[in-house]
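Handing you a structure now.
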Amino acid sequence: MLSFDLHKRKLLTVFLLLIFIWSLLGIHWGPELFHTGGMATAGQVFAAMLQPDFSAEIVALGIESSWITLAYATAGMSLALILALLFGILGSGVLASGKRSRTFMKGTFRGILGFMRAIHELVWALFFVASFGLSPFAAVFALAIPYGGILGRIFADMLNDVPDEPIEALRASGASRLQCLLYGYLPAVKASMISYSMYRFECAVRSSAIMSFVGLGGLGYQIQLSLNDLNYHEVWSFMYFLIVLVVLIDGWSTMLRKRISI
Amino acid sequence: MRKPKFTFLTFSVYVFLFLIAASWYFVVGVEKASLIELFSRENLQYAGKFFKGLVGVGEEKIAFLSKDSWSEAIKLTVETLQMSIMAIGFSTVVMFLTVLPAARNVADGTLTLSKKWYSFLLFGLIRISYIFSRAIPELVWAMIVIFIFKPGILPGAIALALHNFGILGKLCAEVIEDTDSRPIRNLASAGAGRMQILLYGVLPSVLPQFLTYILYRWEVIMRTTIVVGFVGAGGLGQQFKLSMSFFHYTEITLLLVCYIVLVLIADFLSERSRYFVK
Amino acid sequence: MSKNNIIEVNQISKHYERKIALSSLSFVVEKGEMVALIGPSGAGKTTLLNTLAAIIEPDSGEILIDGLDLRKITNQKTRARKIGIIRQQFDLVGQLAVIHNVLAGRLSEWGFVKSFISLLFPQDKQTAISALERVGLPDKTYERTSKLSGGEQQRVALARLLVQRPEIILADEPVASLDPARAEDILETLTRLAREEGQTVIASLHSVEYAKRYFTRLIALKNGEILFDLPVEKVTDELLKELYQLKELDQNALV
């Protein structure tokens, strides 16, 4: 059995390597891959990395943009949590009474969750901007939908993993499905839900930063503007703001997750 | 022990509530975004036109009914697939080159029993590079890379790899930090060199977990390929952006269908192969 | 049919694949009786209790609870007022505070809104606190249930039953994972409280010794059949030997 497993692993590794080589064949390798002067630009970009522009004006702008990025991320995430709770609970099927209605509910709502997260937040943003125009809500909704999908799927999985005994006991003492949710399922998964949401919050900040690409403000917008001006020093200043913001959120969420007892 | 834990958690809860309130206030109050305006008659008309366009109502050329568009879309789909595989391949290579010195137990010598003066320097440098790589989104990397490379799937793959090697590196370094050090110490004390330790000691025990992470990241990369395409990094995303700009709505639908199918296939494949190695 | 018969079991059978779990069992339990189900493992004790609790439906035969067909009591809430269940200590939601686990016994009477509010501001607090006092846990009201020891958790489950106030208590190996001192404690509390409340108890037990000490009537199951059904004072060592023979002499069970 063990040797068979080892064999399988080797087979998979070789297979993956072959696919990688196939993918490399998709490119005509040669110097025409670069822009003329592309290497020089690369040098300039890297040189600028060590000399970011931290003038008062840029710092003020950086702080403001960081706040916009964080605000969109937080607003989007809070909406995503509501969506995730709603669809996650429905998609776990714990509210369904019969076996068939459970399968039906699971299928339907997990399908919806799958669709929500299959499309990237930026594509959602493009759609919202195309249909509703430039509005902060476009950013918030565009974040909320895919993150709702990702969180909702995980929430549904967590709810499905709750042990049966306490739930059966609650049913036996006369609790309805909704009451079982309140007294059994939700308390059991609360800590893991918070923990996972915290982890996703960091990703939401990064996603929020790129919302600027469709014309919605924030750090990404400033990076794009500076890139258009070929001002690499400024580019890196805003990059550092983004890095600090992400590292801070990451640190906070790691600290929190360590303290939440599951 | 219980008191400080309690205060940090409550403090965090308050900070969160404040953040949520402040950001909604900012979105609604300061930026003057109004939900009612969002659903104004004018906007609804635009939205209606847009969605009608997507399904082909009132369009002259319906892309998802044309054979040429399909073959074009399928070509782009294959390109996108290649881009994603290249991206995960590059990040895996970089991860493998850097992951060993980036593990704390290798850096301080508890794993290999050999401690070099530069170990901590290397550890710090690589970890900082991971942080840079992780914190900057793929799209921003793509915007920079596109200054250096001509549009195509290579810059896309590089941008995706630049963001993902940090994530992979961090995840995999943690795997090494969690491995049982006894068999590896044994090898080291038996006089095995760095390469030998990697090949015989570390690799076999961490590879399955690495593979899981690689497949998981591939799934995420698949989803993100479309985004790096927006700035000209090739694949479905590039065409998608063009179609958006030219208001070729039915083409958008076609590309979106191809994209979703790719994402679902990636989901399914990575799930399956994880099961396969288990 | 005497008016005092709270449970009437008529010819119930249950098959699993090839195995016979229960083969046409019949017995009657009067209100206020303390019945212990004994027998080697696999004899059908748990299946019988689950059938009585309507978790499993018998292949044939009928069960009357207070003269009503159990199959007709489909409403979960009505059933909860008739029958309460206690098992090993995995029945509680570990992440909830003790008081909410106790108040879960009230859920059959509460609507959704009240049960939601209760999680924030416990309702019927006095009921819960007095129940906890009666089971001997007055000072753990707001602790996280998972922090309690096994015996304490089982007391919380008893407190939940006190709040639920069913007419019948079905106990499936209620002390299986407890050490002897705790086990006796729990059984003593269970039977005492049931007597005070005038409830009927049917408990499955591994240990004959406990069964003899705390219960008034023993029903012995073997291979899905009733081997004997006697008041505790009439159970002889010969009968017990017959019950447990073939199985390698299980010292614990025979002591």
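For clarity, chains are labelled A, B and C in written order, and residue numbers in each chain start from 1.
As a convention for this text, a contact is a pair of C-beta atoms (placed from the backbone, for glycine too) under 8 Å apart; a residue touches a chain by one contact, two chains touch by 3 or more.
The chain list, named the UniProt way, goes like this: A, B = Phosphonate transport system permease protein; C = Phosphonate transport system ATP-binding protein.
The structure displayed is predicted, hence computed values, not measured ones.
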item: Nearest-to-centre chain - CA centroid comparison; value: A
item: Interface with more contacting C-beta pairs, comparing A-C to A-B; value: A-B
item: Distance between chain centroids, defined by C-alpha means - chain B, chain C (Å); value: 53
item: Geometric centre distance via CA averages, chain C-chain A, whole Å; value: 48
item: Chain A and chain B: spacing of chain centres that average the CA atoms, whole Å; value: 10
item: Complex contact set, residues of chain C against chain A; value: 53, 55, 76-77, 79-81, 83-85, 87, 90-96, 100, 104-105, 107-110, 112, 115-116, 119, 157, 160, 164
item: Interfacial residue positions of chain B with respect to chain A in the complex; value: 5, 8-9, 12, 19-20, 22-24, 26-27, 31, 33, 35, 37-38, 43, 46-47, 50-51, 78-79, 81-83, 85-86, 89, 131-132, 134-137, 139-140, 143-144, 147-150, 152-154, 207-208, 211, 223-224, 226-227, 230-231, 240, 244, 256, 259-260, 263-264, 273, 276-277
item: Residue ranges of chain A touching chain C (in the complex, touch as defined); value: 163, 165-166, 168-176, 178-179, 182-184, 187-188, 190-191
item: In the complex with chain B, residue positions of chain A that touch it; value: 8-9, 12-13, 19-20, 22-24, 26-27, 32-35, 38-39, 41-42, 45, 67-68, 70-75, 78, 114-115, 118-120, 122-123, 126-127, 130-133, 135-137, 140, 206-207, 209-210, 213, 220, 223-224, 227, 235, 239, 242-243, 246-247, 252, 255-256, 259-260
